Each structure stands twice: as structure tokens, then as C-alpha cells.
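One structure, pasted below without further comment.
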Amino acid sequence: MTEKRPFDILNAALNNNVVVGLKGGRDIRGLMVSYDVHMNIVLEKAEELANGEVKRGIGTVLLRGDSVVYISPA
Amino acid sequence: MTEKRPFDILNAALNNNVVVGLKGGRDIRGLMVSYDVHMNIVLEKAEELANGEVKRGIGTVLLRGDSVVYISPA
Amino acid sequence: MTEKRPFDILNAALNNNVVVGLKGGRDIRGLMVSYDVHMNIVLEKAEELANGEVKRGIGTVLLRGDSVVYISPA
Amino acid sequence: MTEKRPFDILNAALNNNVVVGLKGGRDIRGLMVSYDVHMNIVLEKAEELANGEVKRGIGTVLLRGDSVVYISPA
Amino acid sequence: MTEKRPFDILNAALNNNVVVGLKGGRDIRGLMVSYDVHMNIVLEKAEELANGEVKRGIGTVLLRGDSVVYISPA
Amino acid sequence: MTEKRPFDILNAALNNNVVVGLKGGRDIRGLMVSYDVHMNIVLEKAEELANGEVKRGIGTVLLRGDSVVYISPA
Amino acid sequence: MTEKRPFDILNAALNNNVVVGLKGGRDIRGLMVSYDVHMNIVLEKAEELANGEVKRGIGTVLLRGDSVVYISPA
């Protein structure tokens, strides 16, 4: 059985694409390579999305947990 | 007798549809599969709503407790 | 003598209608069935209000204490 | 000599009218019947003000300390 | 030598006029009669300023430290 | 070797001009005379800037650390 | 193997260019010379960006961790 507790979702998403919604409304999509207990998240090959379209490439990015609203496997 | 304390509502909502209102005004509807003491919440088959209409599909999503405004069984 | 300390107001409001004002400006009216020390609040038969008019029905809802601005017996 | 430390102002205001300014810009005027160390405040015969005019009656209201910007004896 | 550490500024300002800038943009000017470690501040003969002009008189007011952005001796 | 850790920057800036950016967008320039571990900062001969131009003189000012976004030696 | 945990990203970025996104929407690009556990960050040769273009030069700047949304190696 796949675990579905909040941090299990993060663990299952490692090395997979996710979309992370940030406070202020920005959405970032990328490959999740790590996270920690504060929900700080590292994405690679990241892109900023606007209305579902790629707005710009970002590459590697560390998202600060305090700014994270949601995380969704892409 | 059904319990109605705040976390009882979350427990009773497991495996049922809920609408979660987020800071900034986004509403997300989906099947609640888990939560923790920080009110981090995992939804499956999630959809973003706008004025009660489905705006877009999201799938599985982890909502960070700090961003949650309300949770309502759908 | 009726007690009037902050949490006495919550206790006296149990099983009565209240209006809860939330950060961001939303007002929710409903029957208060529980609260906890974080001011997490459960309402039943809840409705969202706009300018004093009912905007939409919500049913049961858990309001996260961190988002509560005020609570007023209706 | 009247004490003037921050919580002395709250104590002196008990059973008197105050105006409480809230985050987001709302001003509430009413009779202060209690407060606690978190600056949670209970007002009776409360009214919401807009530009110094009464906008609507509220009655009894519990204002959450975290949302309080200022308190002024009326 | 006059001390200039942050809380020395508050102490030196006692019984003098200060302007306090609040989150959300409001500026309040008045006679500072007390403060505490949370930067809760009591002003007397307070006035709200808009663009450097007096907008309205407030009298005595307790400003909650969490809402304070800056304090400047007037 | 000049130290470059975050609080070394503050220490090196003592008695020099800095620009402090505040939440909400205000920029204040002045002579930094002290700071503490909360990043509360005291400036003298302070001026508020708008688009790089002096908008108004402020004199001595205590900036609350919680409102500070950035500090830059001028 | 290159480490990819959140703080490893910061460490790997030392003495390299990064773009730091701040609450409120400002993006700052510069050479990262230090950081601490609060994600306070020191940049040199920093520039504020608007829509990917340089808006103004800043020089050395200390960015307060509480205001940081993301950090991306440039």
C-alpha cells in the first residue's frame, strides 16, 4: 500500500516532476531532488508557469518552505 | 454521537471530498487522504475552483497547513 | 453573572449562531459546535456573507484559528 | 498617578468605550469588557466604523489579538 | 555619551513626540508615554498623519508591537 | 580579510550610510548607529527614498527587524 | 556525487551568482558570499531585476531570510 501522509507525498515525489505554488501566486514546475522538515524544496530544470504556460526557465532553485502553499506531483 | 471538535472534523473527512480555502483566495476541492497536526492536508483528484466552477484539474496535492484558511466537507 | 473573558465568549457561543470574520475579508455565519485553544472553530449550516447578504451555502466548516480576525454571536 | 504602561491602558479601558484598529483596515468601536495576555479583546455594543461614521452594528464581538493594530480609548 | 542601541532610542523618546509607522502604511504621531519588550507603545495626544498632514485626532492609543514598522523621534 | 557573514555586514556598516528596504516597499537611507540580534536597526540623518530620490527627511529612526527586507551599504 | 539537500544548494552557490526572489516580488541577482541558518544571505555586485532586465545596481546587500522566497544559481 502506498503511504499518503503529508511527508510521504514529498518522499514519493523525489526525482519526479512537481508543481509548487508559492505565496504571492507564482507556480514553479521542476524535478524535485530534495526537501527538509521545513518544506524547503530543491527543484532542478525548474520553470515558472503562468496560466499553465511556461513563462521562463529557472534551472536549479531552492524554494523556502515558509513560502510554499502547495506541492503537486505533475 | 458524532464528535465535532476541530480535528474530529478532519478525521471524519478522511476518504471524503472536501473544499479547502487557501490564503490568497484559491479554493481546492478533492478527496482528503491524510492530514497532520500542522493541518498539512493531502487531497487526491483535486481541482481548483473559481466561483464554484472547476477551473483546472490538479490531481494529488499536498496543501501546507500554514496556508489553510478553512476546510469544508463537500 | 455571565463571564465575559475572551474564551468565555466562545464557550457561551457554543450551539448558537456566530459570524466569524476571516483574514482577507470573508465573513462566515453558522452554528458554532466547537473550538480549541488555537481558536480553530467548527461551524455547521455555515454560509458565506457579502455585505450582510448570504452569498453561498457552505454546510459544515472548520475555520483555522490563524485566519480568524473576529467572532461575534449573531 | 495613573499608570501608563501598555497593559495598564487596557486595564484602564475596561468598561469604557474604545476603538480597535484591525489588520486589513477595519475599525471597531465598542465597550471593552475584557482582554487577555494575547490582546484578545471582547467588546459589547460594538459597531464597525468607516471614515469615522458607523457602518453597521455588530453587538458583542471577540477580536483576536493577532489581528489588532491599535486600541484607543474613545 | 548618549546611548544609541535600539531600545535606548525608545527610552530616550519617553515623554517626547514620536512618529510611529504601522504595517499597512498608517503613520501616528504622539507623545510616547511607555513601551515594553514587544515594542507595544503607548502614545498620548496622538494624531494620524497622511502625507505629513494631520488627518484626525486619536488621543491616547496603544500600538501593538507586532504592527510597528518604525519609530522616529519627531 | 574582511568578514562577509550576514551579521559581519551589519557590523562593518556601523557609522556608515546604508539603505534599508522595508516590507511594503519603503526604502530608508541613513547613517547606521546600531543594530541588535533581531535586526532592529537605528539610523540617524535618515531619509525616505522613492525611485532613488529623497522623498522626505526623517532624522533618527528605529526600524523594527521584523519589517526589514534588506540592508545595503550605500 | 553532488549533494542536493536544501542547504547544500546554498553551500554550492557560494562565490557564484544567484537570483534571490523576495516577498513582494523583487528579484535580486548577485554573487553569494555568505548565508546562515535563517537563510539570511549576503550578495555582492547585486542588481535588482525587473522582467529579467537590470533595473538598478545595489552593490553589497544583506537579504533577511524571512523575506526570501527562492534562491536560484544564475
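Labels for the chains are A, B, C, D, E, F and G, by order of writing; each one numbers its residues from 1.
Operating definition for what follows: a residue touches a chain if its C-beta (ideal position, glycine included) is under 8 Å from a C-beta of that chain, and two chains touch if they have at least 3 such contacts.
Keep in mind it's a predicted model, so treat the numbers as computed, not measured.
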Subunit B to subunit F, fewest steps along touching chains: 3
Mean-CA-position distance for subunit F and subunit C (Å): 42
Distance from the mean Cα position of subunit E to that of subunit D, given in whole angstrom: 19
Two or more partner chains touched - positions in subunit D: 23-24, 66
Ring order of chains, beginning at subunit A and proceeding to subunit B: A, B, C, D, E, F, G
For the subunit A and subunit G complex, residues of the former touching the latter: 22-24, 26, 28, 33-36, 38, 40-42, 44, 46, 56, 58-64, 66-67
Subunit D to subunit E touching residues, read off their complex: 4-10, 21, 23-25, 39, 52, 65-66, 68-73
